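In order of appearance the chains are A, B, C, D, E and F, and numbering begins at 1 in each one.
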Amino acid sequence: MHAVKRIEVLADSVELTKILAGLDKAGIIAHTVIRNVVGRSPGADATQLDNVYIIAFCMPEQVKPVIENIRPVLNKFGGACYISDAMEIRSVRCIASL
Amino acid sequence: MHAVKRIEVLADSVELTKILAGLDKAGIIAHTVIRNVVGRSPGADATQLDNVYIIAFCMPEQVKPVIENIRPVLNKFGGACYISDAMEIRSVRCIASL
Amino acid sequence: MHAVKRIEVLADSVELTKILAGLDKAGIIAHTVIRNVVGRSPGADATQLDNVYIIAFCMPEQVKPVIENIRPVLNKFGGACYISDAMEIRSVRCIASL
Amino acid sequence: MDVSLIASNVLSPPVLFFFLGMLAVFVKSDLEIPQPLPKLFSLYLLFAIGFKGGNELVKSGASQEVILTLLAAVMMACIVPIYTFFILKIKLDLYNAAAIAATYGSISAVTFITAGSFLTELGIDFSGYMVAALALMESPAIIVGLLLVKLFAIDKQDGDFSWSEVLQEAFLNSSVFLLVGSLIIGAVSGEKGWKVEEPFTQGIFYGVLTFFLLDMGLVAAGRIKDLGKTGTFLISFSILIPIVNAAIGILLAKAIGMPQGNALLFSVLCASASYIAVPAAMRMTLPEANPSLYVTAALALTFPFNIIVGIPLYLYGINLLWG
Amino acid sequence: MDVSLIASNVLSPPVLFFFLGMLAVFVKSDLEIPQPLPKLFSLYLLFAIGFKGGNELVKSGASQEVILTLLAAVMMACIVPIYTFFILKIKLDLYNAAAIAATYGSISAVTFITAGSFLTELGIDFSGYMVAALALMESPAIIVGLLLVKLFAIDKQDGDFSWSEVLQEAFLNSSVFLLVGSLIIGAVSGEKGWKVEEPFTQGIFYGVLTFFLLDMGLVAAGRIKDLGKTGTFLISFSILIPIVNAAIGILLAKAIGMPQGNALLFSVLCASASYIAVPAAMRMTLPEANPSLYVTAALALTFPFNIIVGIPLYLYGINLLWG
Amino acid sequence: MDVSLIASNVLSPPVLFFFLGMLAVFVKSDLEIPQPLPKLFSLYLLFAIGFKGGNELVKSGASQEVILTLLAAVMMACIVPIYTFFILKIKLDLYNAAAIAATYGSISAVTFITAGSFLTELGIDFSGYMVAALALMESPAIIVGLLLVKLFAIDKQDGDFSWSEVLQEAFLNSSVFLLVGSLIIGAVSGEKGWKVEEPFTQGIFYGVLTFFLLDMGLVAAGRIKDLGKTGTFLISFSILIPIVNAAIGILLAKAIGMPQGNALLFSVLCASASYIAVPAAMRMTLPEANPSLYVTAALALTFPFNIIVGIPLYLYGINLLWG
C-alpha cells in the first residue's frame, strides 16, 4: 500500500487519442477510459454528447510531465484535468507503477 | 493549479434532472454524467439497473449551497453524495469555476 | 457529514462477481458498477475491452477486511484497487454505512 | 380445459424462448441481452403494433362496437385500481397499496402482443382498434392511484406531488407517447405507408417478439429471488387478481358483444399489469412506495402467469361462453 | 405549388415520425433512442444505400450522363463552400465562416435517402449512380473550408492543422469509408450478392429510415433551444442558402439533361448540409470554430427544412422546368 | 485448385465486408461498430442457426448418418486439443499450451455460418443437423484442455480451479446455451413456428452476417499488431493446424460417407478455433495463460485464414476426393 495520484481528464472524445498519447509519453501506460459520458461546461454552449472520462493512477512524480503533455491539448480543444490523492493496493501480478 | 472540490452523486436516474437543477442553482454549470450505472445499496432491496453517477468539480465555497439543494432530493428519492479534494488543471480556453 | 473511504477497483469483467462477494463479506453492501470500461495496463499486452470499474464508499474501518478479501482475486486475475478519502452527505432515508 | 390450447400456446417460439430466458437464470448461464438492446426491441414493438393498429383503425371506422369497446377499456382502467387498492390495503400501507393498484390497473403491452400472436397462430381474427384500447388503458390507473393516496393520506403533507408532473408521467411517458404517436401516424399514412413499412413492421415482428421474450424471461427470473421479501399475500394477489380481472373483462366483452379474438385481447389487458411505465411514474410520484414490491409482483409473477397460463385459460373461458 | 406534393411528402411515415420526434421534445416526453441504436441505424442506412447504389452503378455503366453528373457533383461540392464562405464572413469570424461553409458544401445522407423514398412513393425513377454522387460530395468541402482558412488567416500561426490529419478526416471518416466501401462491394458482388442481401438491405430499409427519422426529430428539436445563440443572420442563412443551392443544382441538372428523379436527388445534395461527418472533422481541425453554430444550423434548421419543405419544393421547381 | 471457387468465396458480400473492416483498421478510418451491436448480431446468428437447425433436425430424424456424424464431431472435439497440446508444448509453457489447444479443439460459429452461406451460394445442399454437430463441438475441448493441465502440472497447487466452475463455463456459457436452446425450441415448435419466424431468422440472416463480418474484420485487424508478441511458432501453428485439422475432418467425413456439403461444414468445424466462448472460459479457469496469445492466434490468423482461403480450399479437397 503506497501513495499514488489519481489523474482524471474530462474531454471531448476527439481528444482521446491525443490525451492517451500524452499519458504514454509521460510513462503512464495504465489507464481506464469511460466513453459515452454526457457533460456540460460553461465553455461549450450545448450539452456535449460524446465526452470521455479518463482515469489514470500514477506515481506522484509522473504528474508534472503528464500535465505538460496534456495542457496544450486541453488548451486547444477544451476539457479539464484534476489531480487527487489515493493509496494503491497493487496485486503482485503486475508491476504497473511500482 | 488550484484546489477544488469533487462532488459525486450516486442516485436513481429519475432524480437526474432534479440534481442537475440543484447544481445549477448553486452556480455549478459544469458537470459530467455517467448513465447506465448499476448499483446496490442497503436501502433498496434489489439491484438497481438504471442509476446515474454525477461528477462535478467546483470551488470549495460552492459545496455548501449545493448540499442544501441536493439533500432534499436525496432524502425523498434516495441516493448518496460524496465530497472530496482535488487540484484543477484548467485549460486557458474556458473560465469554468475560476 | 462524516469521513468515509472511497474504494475503487479496476478489473476484468470476469472478476466482478468475485469482487462484489469480497465487498459483501466485509459488510459493504452498497456499491456502484460501471461496465464496458476500456483499459490498458502494462500487465496486459492488448487493450482490454471489457473491464469494470467498481466504486464503493465505506467506513474507514471496513477498508482493511475488504482489502484482505479482494487482494487474492486481484493477485490471481489481475486488476488494481485504490483507496482515497471523502466526506459523505447521506440522506436520512437509508442507513447505509452509518 | 382444452389441453391443446395450452400446448399450442406453450409450444409457440415466443413462449418457449421466455422459458429459455428463465432457465438461463436458474442454471446460472451468463446469457444476457445487454442494454440498450431490450430497449430497441420494446421501442420497435410499440412502433409496430401502434402503426398497424392505426392503419386498421381507419379501415374499421368508428362503429358502435368500436366505441363501446374503448369505453369499456377506459372504465376497466379506472375501476381495477380502485378495488385492488382496497384489497391491498388489508395488508399493505397506503403508498404500496396505491402503487400496486396503479400497476394492475394499467397494462402490459408485451402480454397483449403475445396474446395477439397466439390468436394469429390459432387463426382467430381480432380487430386493429384493440391497440387503441391498449393505448387508452395505460395512463388512467396512474391518476386513479395517486387520487387514492390524496384521499386516504392522513398526514396531508405526505404524498405531496405536483399534478403537472403526474399528468406528464401518465400521458407523455415514452411508452404511451410512442404507441399513440405510431397509432396516429399509422392511421394518417394509409395504405401506401403501410405497404412500404410492412416488411419491417410486420415481417420481422414475430422474430423480434421472440427475442424480446427471451430477455423478459431473463429479467423476470432475475426478480424471482425477491419474492421472499414480497410475502405470501402479494404472491397470491398477483396470481388471483389477474384471473378476477380477466373474468370481469370477459363478462363485459360478452355484454358488449365483442368477437372472440377481441374478447381475449380485452381480458388480457384487464389481467395484465404494467412493469415499465407505471413503475417509472410511481418512482417519481410515490417514492414512499417500495419498487421491489410493485415491480416484482407485476414482472416475476403476473407477467409469466399471463404469458404461460393466463392467455390460453382466458381463451378457454371465452370459448365456453361464446360457445 | 402543387399542394398534393407537400401532402404526399408530409404524410409519409418517415416525415411523420420526424415530427413525432420533435413533438416528443416539445411536450417534454421522456422518449429517447439511446446510443448506440441511432448509430446502428445510420451504419445500416449507409451500408444499404451504398450496396444498392453500387449494384445499380454496374448495370448503368459509365455513360456520358453518368460522368457529367458526377463531375457536376464534385464541382458543386467545391464551389458551394467558397461562395457561402464569403456570405458568412459578412457577419462571422474566419473560423466559424469556414466551418459553416464546409458544412453546407458537404451533404446529408439522410436527406438524400428521404428524397429517394419520396420519389419511390411517387413512382418517379432515379438512378443508382446518384449514390456515387452522394459519396463524392461528402469530402471536398472539408478541404475547401480549410484551404480558405489557410488563405485568409492573418496570423499565420493560427489555423495550424496537419494536412495528413485533414485528409484522413475528409476521406476516411466512417461515413465516407462505409458508404464508398459498400458501393464498391455492391458493384463487385453482382446479381447473386444482391439477391441474398435484398431482404436486409431493401426489405426493412424504409422501416429503419422511419425509426431513424424519429431519432433525428428528437435530436433536431433538442438543438432548437440553441437557436437563440445562433442569431438571425445564421437562421436566415440556413433557410435561404439551401434554396439557393438547390436552385443552382436544378439549373445545372437541366443543363446536363438529368432525368427528373436524378435532378431532385442532385438538388437535394446541393441543398443539404452535413451534421455528422463535417462537424466531426471541424472539431478536430478547426477547434477555434464553435460547434454550436455549425451543428445547430445544419441540424435544427436546414435538415428539417429540407425534409419537410425543401424536397417537395425542389421537385415542384423541377416539374415546372422539365415541364 | 479451381480459381472460380476462391473467387466466388472472396467475392461474396460477407467476405468482402470482412476485408472492408480490416482495411478500415489499416487505413486508420474511425469506422467502428460500438458495443453492444456486435453482441446483438452474434446473439441473432446463434438464435437463427439454432432455430433453423432444430427445425430441420426433426425432419431428418436420427438416421445412422446423423448419429455417425455427431459421434465424429464429439470425437474430433476431444482429440484435436490433445495432439495440438503436445505440438504447442514444444515451445510454450503448460498453461498457454493447454489454453491454445482448447481454443483450437472448439469451434467458431461464424466460420461455420460463412461456410454455410458459401454452400448456399454455390447451390450445394447441407443438412440442418450439422448445427447439432456445431453445438456438440463447442464445449468438450474446454474440459480436455483443463484435464491436460491437471495431468501435467508439476506443482500440484498450480492450476487449481473448481470443476463446478469449469463445467458451468463449458456447458452453460451464453453461446452454447443460446445455440442449444434455440436448437431445441426449433425442433419443438415445428412447421408453424418456423413459418412465423422465417422472415426474421432466414430473411435478414445473410445481411446480419455481412454486418457482423464487417465488425469481425475490424476486430481481427485490431489484433494483428499483437502478432509480433506471438512469435513465428504460433503464427505458423495458426495457419498450418487448421489445414491439418480440416484434412483429418475430410478423411473422417469420407469414411462416414457424408455428402459433400456436410463434409465441408464438418471440416470447417475441425479447422476453426473459438475466439469467444473458450477464451472467456480460459480467463476464468486458467488465468495463468496469456489471453493475448490464444485470442490473437484464433482471431487474427485462423479466423481470417479460414474465411478467405480455408473454406474454398477445403471444398476443393472434398471435390477431389468425392470426385
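One rule holds for everything that comes next: contacts are C-beta pairs under 8 Å (C-beta built on N, C-alpha and C of every residue); 3 or more make two chains touch, one makes a residue touch a chain.
Here the structure is a predicted model, which means the values were calculated and not measured.
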item: For chain B and chain C, chains touching each; value: A
item: Chain of greatest Cα-centre distance to chain D; value: A
item: Comparison of A-C and B-D (more C-beta pairs in contact); value: A-C
item: Same-residue or different-residue interface between chain D and chain F, half as cut-off; value: different
item: Reference chain C; chain at largest CA-centroid distance; value: E
item: Distance from the mean Cα position of chain B to that of chain A, given in whole angstrom; value: 19
item: Intercentroid distance (Cα basis), chain E paired with chain A, Å; value: 36
item: Length of the line joining the C-alpha centres of chain B and chain E, rounded to whole Å; value: 39
item: Whole-Å separation of chain centres (CA-atom averages), chain B against chain F; value: 47
item: Chain B: positions in contact with at least two other chains; value: 34, 36, 76, 78, 84-85
item: Per-residue multi-chain contacts in chain E, two or more chains; value: 35-36, 40, 199, 203-204
item: Chains grouped in pairs wherever the two touch, ordered by label; value: A-B, A-C, A-E, B-C, B-D, C-F, D-E, D-F, E-F
item: Parts of chain A lying in touch with chain C, wherever the complex brings them together; value: 1, 4, 6, 29-35, 55, 57, 84-96
item: Chain D - residues contacting chain B, complex; value: 35, 223, 226, 229, 280, 283-284, 287, 290-292, 295-296
item: Chain C residues touching chain A - in the complex, by the definition given at the top; value: 8, 10, 34, 36-43, 51, 53, 67, 70-71, 74-76, 78-85
item: Chain D partner contacts - residues on chain F that touch it in the complex; value: 35-36, 39-40, 43-44, 47, 51, 168, 172-174, 177-178, 181-182, 185, 188-190, 192-193, 196-197, 199-201, 203-204
item: Contacting residues of chain B [partner chain D, same complex]; value: 12, 14, 36, 44-46, 49, 76-78
